[in-house]
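Chain lettering (A, B, C and D) follows the sequence in which the chains are written, and residue indices restart at 1 in each chain.
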Amino acid sequence: MNASEFFLNLDRRWIFLVIGLVVLLPIVRPFDLPGIKPTDQSKNYFDTMNAVPEGTKILISADFDPGSKPELYPMLEATLRHAFKKKLRIVVMTLWLTGIGMVEKAIKDNVAYAKDHFGVEPQEGKDYVFIGWKTGGSAVVIGMGVNILEMFSQDNYGKPLAEHPIMAGVKSLKDFKIVVSLSAGTPGFKEWVQYGVQKNNLTFVGGCTGIIIPEAYPYLQAGQMKGVLGGMKGAAEYEKLLNIPGTATGGMVALSLAQFMIILLVAACNIIYIASGRWRKP
Amino acid sequence: MTFLEILGIWFATAMTLFILSFLYKDNPFYKLAENIFVGVTLGYSVVGAIWKTIYPEWVVPLFSSDVGIWRKGFLLIPGVLGILALARIIPKLNWLSRPAFAFVMGWGAGVAIPTAVDAFVLKHTSKTVSAILPGGEFTFGAVFTAFSNLLIVVIVLCVLVYFFFSIEHRGPIRVASRLGVLFLMVAFGIAYGNTVMGRMALLYNRFFELKQNASGESYFATPILVLVTVLGLIVHEVWIKPRPPGTEDVQLEKPPEGAST
Amino acid sequence: MAGWALWLMAATLQQAEPPKELEAFDARNDDGESIALWWAKMPYEADGVEYVIFASFTEGGPTLEAARLGSKKGYASDRKIPWWAGSRSPNHHYLEVDTDALAAALVDLEWPEARAVKDEIAALEGSLSHTTGEKEKVEAELAELEKIKPPSAVADEIATLKERLRWLDAHRPIWTERKRELDEKLQTRIDSLSDGVLYYQVAVVQGTQELTRSGWVSAAESDNLFNFNRIHSFGLAIVFCAIIVAFIQVGKRRELFLRKIPGLAAVDEAIGRAVEMGKPVYFLPGRHDINEINTIAAVTILGEVAKKCAQLGAQLKVPHTYVLVYAVSQEITKQAYTEAGRPDAYRDDINFFITEDQFAYTAAVDGMFVREKPAAIIYMGYFYAESLILAETGAGIGAIQVAGTDADHQLPFFVTACDYTLIGEELYAAGAYLSKDPTLVGTLRGQDVGKLFVMAGVAGMTFLSFWFTVFGYTSAIKFVLDLVTPY
Amino acid sequence: MFVKRTLPMLVAFGVGFAFALQYYLPFSFSEDALSATSKWYSIIASFALLLGIVSVIQSHARKIQTQSVGWGYSLVLFFAFASMVMMGAFSAGNAETPPGVKGPIYGTSYGWLYNNAMIPLQTTMFATLAFYVASAAFRAFRAKTFGAFLLLFFAVVMLFGKASLGVTLWDESIGTIHASLQLDRIIEWLMGTLNMSARRAILIGVALGMIATSLKIIFGIERTYLGGKGE
């Protein structure tokens, strides 16, 4: 069997291996390719976060479940990193019961990341707090617009919320400079806009899965949402703006590389096929 | 994390890896995952049928005092048909199930006719002919749009010609149907290329999950299980003697009578 | 300038006359739950000026706001209807009002008790939904508590729960009964008040100021027998049906030509090869349930394939994902074996059910492919994402693969991975092609004539649309297009 | 043979005719009939599911009984099936815990199985498509004929145009000539014109096939589902 024969009848497990490696590599070690051009919406998200001074209090609501993790978890990570880097003070919550575990992990990992990479040491209670989950969706948002401490009397771990220094001077949603919702559906940014943003005149940005991004456009046009990150692409663009390649960048790179790998394989295969003179046979 | 959560992560990771191991070759891990998969989904559909359909849609209204006697009577029909469909289990009473199947097939056929006319024929015809010429100024863009719209009509007609069954494809019909096949190939190529990225994203999501489960918090589920799977495959390959080809795990509890002539 | 315009507008509004040509009538082509109001475009229509529709049970009786419409919105020309089903005049307003909801709201004005009755119904609904499933929950808790020893430690809790159970048992039936009673009472009162007819007035409002108000009009809602919006679709359905039925008759009388479908010729070849190699033939009937037409086409083909397998002595295997398809296929296979003169070769495990889940089915069938290495795999029917997983696995074991599907989104994958693919309509033609049954062949000729009809329509309308655009008859285009637009 | 053959055909005819007409009849009885019968369909199918379960249990029980090759896997299947059904019964088919009730982890035991067995298995099986989509392309995208060349050429164009790397490469070079040459515009045109029109033709053809097959069922010409067309 000569070389061209071997290549044309290549055991497909080699192709499986190549594709697997190409997709895996950028996850294990995220790197960047010139290919991600931030859209205006992602820039707006970044600029809104970037414009506030050190020490500003912001609220992040991670409204997603494990099903939407690959798209929204990188957004949560990048937002936390951005906030820690800028030394913002953050209150994190979720409207989705199944989101609790992911938020805990994201906070823990990124506090460690901030220590390693930005030289800051965010303190729990002072710089950040995770207030957990409450049932009710839109009712929670409405309640927070009136009095947060009544809605969330304790943090996620049962400690009275009022004892955290970060909550000093925070009464309602109005006391946050920015509210962020990373949402995978209902309850999500729609509830935040309808029941929180409009009434309390909040600066609101969001992130969402690729499927529901069309639902965000009316709010963006109306200015109720200042910017939005759409799907894994949006997360990758945010990472690009932050200049910290993360898992979303890895994802975009992986997809690009895998597609190019297929193009390469098909091209090579056809060149060899034609060069070996087989195409002349009927 | 609670014990159950960690157990869940381990289980999910193992299932993911076992399914992926099939890409190398069929192996006991895959068979294990496959049978768990089939069992679990069977159970899921039973639970769904009972708790999401039969109980709320049938039992509850049948025994509820809110529902009038007429509606209850109507509700008996699908129940009876459903139970009659079960008569297939008993070969002699097989025919009892026929009214149920007739109902289902007749219903499907009836609903399909107007749907086919409206949603397929009318919708696609109207979209094809609605905008041959764009209004407005005579620019390059407008000319190109007009060309594209005309091209759509030509492609639709050519591909439809390809589908003629009862006319011999000769002369101009042959040309049109040949063009139709080529247009189909173009369309299939485009559709193929268009879906690749979505599929890659699915794989990326699985790998993402595996990476998340590799951390110390989940007690290094991914690396340990990868090791176990790989070692298991090696053991299976090297130490467990492969059976002679052909007999391997083919379920031949009976001789295949149909094959003997 | 601006001042002038404002003054002028105010002046026109001052002497506003009530909307002209006001009419109320049953909204056509619906299930009789709404009426339509119709009135002429008036000169004072502007941003900020609104039409408010008031409704009442009697002429001159107490009114309720039924709807509100910006004065520059809701023209009849916005209606989504074809030209023959009603006027699409740009100079008139058209508004549909839901009468059932309106009557339920209006009853408050005429019947002092109504509010209280509705509140009670709402409260009862609340209590009922709140306690739904509570009984089971309490019982479960009780069972847990009763396991604890010694029982005296939890005696209080048990007593409380038992009390709760008694309370639930006592109250829920009463609530249900009471709610039914009240619902009935309310409905009777509404019926006696309205008698199906409601009265309407249209007022013109700017801000909070009412400028003018029309006289009363009334209309009764009614069920409509036929949806005239869809009469063209109805006509077309009849035309197609007539063509097909006619050619079924033609097919019975004389033999009709049938072109070759390459994929189907390959089916015989594939079965033959399987017999030579002593390996099974797999037939996958798609992943739609039996009520879908593509599955019916698939099981018809299964009948023919089974016949061939029985004749040649190939081992057939048909994995199923829907139970009803499985049951039907069993009958068909059995019949096919009998018709082929090999009832002895029929086994009940030719058809087997796996699971309803898409990917579990795929995983299981994939495993079978690899373990049994069938010589031929035939995919017929509707498929989803599993198409390529299965077809690539099949190609990997070197089976001859023939696919046929009308799932346009999966065709590219079958075309790529299989040896032969029946595209779209060919799936429906395959049964006729394989069986050569004259009635079925006649149907195919009917389908062809139907296609010709559609093609002539597309070509003709393209020409007309082109011609109308060039000569500027834009309204004529709409006229023609309506004939092929689904409503 | 009235009950065995004529009655089913009458049922199919009556039901089929009535529901073909239903689409054009807007009155409330007609609408109610459609929504009621679509529920009937799911009820019948739910009952019939038992048929499938019996078949699966029979075939695997036979395997276990005869201890044929791989009977251990049949045991696994039974175990998985039984635990899903039991957990489902305990939690009344709810994967999520209703608020206020304590469950194992943010869900019921049924939810645990659903989230940790069904979801990963489904998504992983689906994800294997990524590999197959590549290997099928490698194996089959060969310019053997002009048609095959078109297929592979346009697939490669789409692959290039959908990758963010490809978009950047193109738009920074050729795309700078004119805005209408930008890659997303080209992709849009390919999808909207070449791909969509061929699919339209397929669907129009399919519609005619559907109408013909439906008619055959309604008129009893097609009655393979009753077992054969004879008698």
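Just so we're on the same page, a residue touches a chain if its C-beta (ideal position, glycine included) is under 8 Å from a C-beta of that chain, and two chains touch if they have at least 3 such contacts.
This one's a predicted model, so the numbers in the text were calculated from it and none came from an experiment.
Participant: With contacts counted as C-beta pairs, which pair of chains has the highest total?
Facilitator: Per chain pair, the contact count peaks at B-D.
Participant: If I average the CA coordinates per chain, which chain comes out farthest from subunit D?
Facilitator: A
Participant: What whole-number Å value describes the gap between the mean CA coordinates of subunit B and subunit C?
Facilitator: 19
Participant: Let me have the rounded angstrom distance from the C-alpha centre of subunit A over to the C-alpha centre of subunit D, please.
Facilitator: Subunit A and subunit D have C-alpha centres separated by 31 Å.
Participant: Suppose each chain is reduced to the average of its Cα coordinates; what separation in Å results between subunit C and subunit D?
Facilitator: 16
Participant: Could you put a whole-Å number on the gap between the CA centroids of subunit B and subunit D?
Facilitator: Each chain reduced to its C-alpha mean, subunit B and subunit D end up 3 Å apart.
Participant: Which positions in subunit B touch two or more other chains at once?
Facilitator: Counting only residues that touch two or more other chains, subunit B contributes 5, 19, 22-23, 31, 33-34, 37-38, 40-42, 44-45, 85, 88, 101, 104-105, 107-109, 112-114, 117-119, 121, 125, 128, 153, 156-157, 160, 163, 184-185, 187-189, 191-192, 195-197, 200, 203, 205, 209, 249-250.
Participant: Considering subunit A alone, which of its residues make contact with at least two other chains?
Facilitator: Correct list: 12, 16, 19-20, 23, 101, 255, 258-259, 262.
Participant: What are the residues of subunit D that contact at least two other chains?
Facilitator: 20, 23-24, 41, 44-45, 48-49, 51, 56, 92, 115, 118-119, 121, 125-126, 128-131, 133-135, 137, 139, 141, 151-152, 155-156, 159, 162-163, 199, 202-206, 208, 210-211, 213-215, 217, 225-226
Participant: Among the chains present, which pairs are found to touch?
Facilitator: A-B, A-D, B-C, B-D, C-D
Participant: Which residues of subunit D touch subunit A in the complex?
Facilitator: 96, 99, 106-107, 115, 119, 130-131, 133-135, 137-139, 141-144, 152, 155-156, 159-160, 162-168
Participant: For the complex, which residues does subunit A have touching subunit B?
Facilitator: So the residues of subunit A touching subunit B come out as 13, 16, 19-20, 23-24, 27-28, 69-70, 101, 105, 232, 247, 251, 254-255, 258-259, 262.
Participant: Considering only the defined contacts, which subunit D positions touch subunit C in the complex?
Facilitator: Touching subunit C from subunit D are residues 20, 23-31, 41, 44-45, 48-49, 51-52, 55-56, 59, 92, 98, 101, 118, 121-122, 125-126, 128-129, 132-133, 135-137, 139-141, 151, 199, 202-206, 208-217, 219, 221-222, 224-230.
Participant: Applying the document's contact rule, which stretches of subunit B touch subunit D when the two form their complex?
Facilitator: For subunit B paired with subunit D, touching residues are 2, 4-5, 7-9, 11-13, 15-16, 19-20, 22-23, 31-54, 57-58, 74, 77-79, 81-83, 85-86, 88-89, 95, 98-121, 124-125, 127-128, 141, 148, 151-153, 155-160, 163, 180-197, 199-200, 202-203, 205-206, 209, 249-253.
Participant: Under the stated contact criterion, what part of subunit C meets subunit B in this complex?
Facilitator: 173, 176-177, 179-180, 230, 232-234, 236-237, 240-241, 256-259, 261, 275, 278, 280, 290-293, 296, 309-310, 312-316, 324, 327-328, 330-331, 342, 344-347, 350, 354-357, 359-361, 363-364, 366-367, 370-372, 409, 411-413, 415-416, 423-426, 429, 433, 441, 444-445, 447-448, 451, 454-455, 457-459, 461-462, 465-466, 469-470, 474, 481, 484-486
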